[in-house]
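Next come two complexes, and both contain subunit A; in the first it sits with subunit B, in the second with subunit C.
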Partner chain A sequence: MAVDPQNPGAGEPWAIRVSAAAREQKAARLRGAQTAVSLAVADASGPGWTGDTQTAFTGAIATTTPDLVLLADGLEAQAAALRSYADQVQHIKDQQTALEVRRDDLDGSLATARAQWLQATQEANGHYVTDQVAARRADALSRDIGDLKDDIAGVAAGWDGLVADRARADAVCVAALSTPAVLGRLAVFAGAITPSGQKLLDLLTGLSATDLKALLTARPDLLEGLAGADAEAVARWWSGMNGTGGEISAAQAALILLAPRVIGNLEGVAYRARDQANRMVLEEELAAAKAAVSAAEEMPSFWDMLLGGERVMNAHALEYAAARERLEHLRGIAAALAVVSSTGPRSLVSFSGGPPALGAVAISDLDTASTVTFAVPGMGSTGAGMLAWATSAENIYVGQARLDGSAQHAVVAWIGYEAPGVPPTGGFGVLGTELASAGGDRLASALQGFDAVRTDQPRLNVLAHSYGTTTSAFALTQPGVHVDAFISIGSAGLPAAVTSAGALHATEVYAGQAQDVIPFLEAGSGDQWAWVGRGSTAHPVNPIDVEFGATRFGVDGGAGYYAVTDHSTAVSAGEGYGYLDLGTESLENVALAAVGAGQDVSAYADPGLTDLQQAWIDSLTRGGAPYVR
Partner chain B sequence: MSDSVRRGLAVACATLILILAGCTGGEPEMAPEEARDQLVDVIDQTVALFDEETWEDILSPALGPCSLDNGEGVDYRYAKSGDPDANPRTAVERVAALWTELGIEVRTRLDTARPAVFGVGGPIRTIDFSAAPDSYSVAGTSLCVPGDATEMILDGE
Partner chain C sequence: MADLVIDGALLRSVADRVTTAAAEIALDASYSASLDAELGSSAVASALRDAGIQQRVRADAVAHSLLEVGASAAASAAAFEQTDRRLSGGL
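Take a look at the complex of A and B:
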């Protein structure tokens, strides 16, 4: 706040005092409200009303008392600071007025003296004689002028002093309005340095809903400092704010409302809170994506098309396609979230708008389930496919519930990483491990977050398909990550360094693999793509190999179940079955492993080569001569 | 244009109109609700073979996406479980008989701890019934019919 050097007494002290008085009145009203709340709690605590409702009422209303006290204290401190400031400004204003009067007088006297001196000088220096009287008068006037100039300089120095006094008064007022008495516990956030991690958690601990609202309104980016914070520390901080019976408290609600993009993805925060935050962000992103599509539907102007020609049209087409794709991804996630069934409300336990939009949709309640399975898909998985992937995840839920109806199961359709596209149009990222490594980091973080939130240690599984097994292997080899079971289906190959099941941080490791078949030529009779993925030198390890050491289970239709006839997890009508279709041997075994009944999975039988594959090998090795066993 | 050519064109047009009329007048496509109701009906009839009051939804009829040769489709999945009765093997045979009567192709698995029957075709796409010692359950998938699951869910179509 800079001081105007021409007007150090600027401002109206009476207006500042009115502002202070208004704060004092508000503080008085708050003190009155606090008394009323205390009386209400006392009344409600009497013998006439008991039970859960009474407890909830008194608990909820009592939580408002600290906020009321905090607000009243702050307002009174502000009023005191403003009254002091008004007095100082008034004093400066009075001195300024006196100096202005003095300066005007001196300026007038100086002008008069200068006129008289000029006249005396002219009289003293006549053309023919020197007037001694006039000369002495001129000398006296000259001294008077010097004295007057000194006086004026004194006034100017006094003026500068007032400017300095005002600057000091301003600084004192700002400091007074920033003290803990005024800001409460927010005073520590007044500095320019943004704390992060554990330090930020420490500073946030114990803040009331009012504090948090004030803080996050003033510093909307503050919670970004929590990214990467230790999940267990976050869980302690978050659960420490829980409302009665573990409900979302006013402080937690404030955090969700004001920082949904952080809270929705912050590992350690309870999943129902993350769901609320992520749904808000998803709505925002959907609205923005719809607006982007509408904007992209507008054709370029005639002149742009005329001057830019094909380049402008191509750019417009690309912009439109990108906008449409983004909207489809977001709608896929929204649709998966909106499915209504008896498995209970679904929840969006992580979400980022991207592009690409990523998210994780939970079937059933992650905060309370006794078995939880993170389902990790493979190549070609995007937000647009979330509805289909959540359907497959729900099939796992159904399989588990049929086997063990007494437990509460939950399955997470986890598209939390950027999966490689389907070659050739989607590139050849599937042959590398860059995306799997990055995805593995994200999955590891999600699993550690789960451990931090669910300290009651429910059974935790990772089910992965195709390139999802590659990604999961990266996660399950990280320090601090451990699951009860890792279940691989149709693996596109684990990283070369993961040579055995023992390298994975999983108590139990399972693998299911349909018959390897030749793409297109043998379509519909087995898995045509998994072995192609395992052809990569970066992820060549096949978990179905005996030497890998996983518990191998059948998927080719033993014991009356349907056989997997395709690499997919869900196959189109009339074309066979995918790994997670209802009624398949694969789904049955996945469910058995997930509920902890892995000893009952049906055994894997190596199907060997198909007739066509055998014939090809024969023709290559013996020039087409029949193979005789 | 000669009369013969004109006549030829007229005949060709009439034939085309008849073909088109034939196409549009064929069997109407099944609506998603109909596919769902067929699945629900089969499962409800299956449950009716037992003590219905003990049966509860594992998964109430849930809409999902599927693919058809000529475009996107939708289907429903539905699953229930209930208390077992005295003889799992007999239970499976009764279910198999019902499904066969409903036009479903069945195969049974009787000589295991959890006898089961699997069915395909007819009014549904797939269905299976499992008679575990501690619980019976049935789960099925409806026929895949034309529709856009995302639109139906989000836009209530």
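Take a look at the complex of A and C:
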């Protein structure tokens, strides 16, 4: 910070010395504590106590010694720096006082001289004769004025010198307060420069739990510099801190506790750690959302309503609706996490409070599973629907486990992007690719993060439904992204540029598509919306087309399985079947593809047109004659 | 496993020393207070405050560790003596 040019001697040297003395005294007490601890260790190391507990005791004490020494050293170094600083400030303050007195004197003399010069000049230039004496006096005063101005300029230069001296003193003191003697290994973080990316990872590497707590308490936003860091580098950094047997270490626990919003979404961090961090943030967000709803339930004041009328009431209604919606989204994610299932505990592997709240709930353990499937939903997906989507994800898991019980599976209910709303109330974003492109970037990042964490290369799949296939296509065409299988169901169309399965970075590409049916008129007999989505010029590619080159599988029922009767993935019991409902041919084939048994999927048979569709075509081709069956 | 020898009085003495030391370590809020007016420089005040925040966290961590260690020593002494009494009572 710049020195105040009006007051280079700002500050109270006596108060600075008091602070220095307090630090010296505290340092002495810390030295005393250190001695007491050393004596305790010496006592504990004698013949009166041996065994594992004694070993653990002395070991635990030993870990505190470096921090104790650093604290005492640091306080002494601060005291020395502050004493020196107080002396310099005092010196500058004294000089400043002297200059102020001198400047006041000179200003007074100048004013007097100017007044005398004006008088002498008037006397010298009379109306009829020139007063030679007065003229000489005016000349002399003029010279005096010049000298006084020179002196005042000298004072100003001296003042500038004091400002420069203070700036130097400040800089020296700041440097002395930021040395390793004071801050230990954290000295590299001193100053206004905020490191990021690889540089930040390098600086963080090797810091103890105590160092990390101290650093992040002082600079809570520091880890935000890791956003976008290379996932593989993050994975190396994170796993380098692992505790015994891969458990979460004290250093990792400190990072989770102090920067949960960063750690919970940092690609490259182990998923169990991300789960811990994200659950903490979810709790915070839920509490905030509940408070927001309570606040929004309060009616505007009488005077606000009277003066603002309908405008105020509308604004209040919108605020209330937004608060309720946000709470519903968060509660949906919490509900999906709370499910107790035979598939084991679920984890929140990514989360952001939004709005809109986004998250990914993993069924089973992403850190250890040998087959992992990211399930990407389509239009209308929000946090509020996480419970249902996680149920669909669990259905896939159950199908996989039945087909291959020897492997450990995991499925991620990934609502990690802002999906388009359902038209017309939700807008017509579903016809464009803006949200799919943005979502694709996020999905690509998640997949790359998975590759970085799981260097043992388990089987990795993406299962996508409806507009989720559009989103996934954006992810799977990015450099550095590759999956073992991409499975498309009820596709709302892939981007126009993705003309074949070969364009996707997937070893295997599968597609399942129910009978295209007319919305409302043929409800309950097939997929009424996917073909509408593929009508978009932005994402017209149908992966079920033969020329696309995917392995096509059946979903219309066969071999004792249920047929898909709706575009959705889950349909209420008794009202038909969605693509991921239990007992469907669709789910069976998805599970087969996910476990790597794609050769066993049931074949797709083009269902052709429905009777009604054929009738309409016939009617049109006969010039509008009515269809008679 | 190391041979087990425990002097209960020694453990309590050790625990007491460590616990007393821990109480000396904490730094109060004055170490991380804003001293802009006293120092006359926001840059120096900021550096001192940042360092103070870190020192207070470090001091708390050290004190917490020592208290835990001291408690474990005291608990060991108590557990040993209790076991010793129970065993001797059975003879």
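Going forward, the second predicted complex is superposed on the first by the 446 of 629 C-alpha atoms of A that agree within 3 Å, B and C clash if a C-alpha of one lies under 4 Å from a C-alpha of the other, contacts with A are read in each partner's own complex, and residues count from 1 in each chain.
Heads up, the rule we're going with is that a contact is a pair of C-beta atoms (placed from the backbone, for glycine too) under 8 Å apart; a residue touches a chain by one contact, two chains touch by 3 or more.
Note that the structure is predicted; figures quoted are calculated from it, not measured.
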Dominant contact partner of subunit A by residue count, subunit C or subunit B: C
Partner chain in contact with A:405 - subunit B first, subunit C second, else both or neither: first
Subunit B versus subunit C as contact partner of A:616, first or second or both or neither: neither
First, second, both or neither for A:581, with subunit B first and subunit C second: first
Contacts of A:37 with subunit B and subunit C, given as first, second, both or neither: second
Touching partner for A:334 - first (subunit B), second (subunit C), both, neither: first
Partner chain in contact with A:217 - subunit B first, subunit C second, else both or neither: second
Subunit A residues contacted in one complex by subunit B, in the other by subunit C: none
Subunit A to subunit B touching residues, read off their complex: 331-332, 334-335, 338-343, 387-388, 391, 394-395, 397-398, 401-403, 405, 559-562, 570, 572-574, 577, 581-583
Contact footprint of subunit A on subunit C as seen in their complex: 1-7, 10-11, 13-14, 17-18, 20-22, 24-25, 27, 30-31, 35, 37-44, 46-48, 50-51, 53-55, 57-59, 61-62, 65-66, 68-69, 72-73, 76
Residues of subunit B touching subunit A in the complex: 57-68, 73, 75, 77, 79, 81, 107-109, 112, 116, 118, 125-128, 130, 132, 135, 137, 139-141, 143-144, 149-150, 153-154
Subunit C-touching residues of subunit A, taken from the complex the two chains share: 1, 3-4, 7, 9-12, 15-16, 19, 22-23, 26, 29-30, 32-34, 36-37, 39-40, 43-44, 46-57, 60-61, 63-64, 67-68, 70-71, 74-75, 78, 82, 85, 89, 166, 170-171, 173-174, 177-178, 182-183, 186, 190, 209-210, 213-215, 217-219
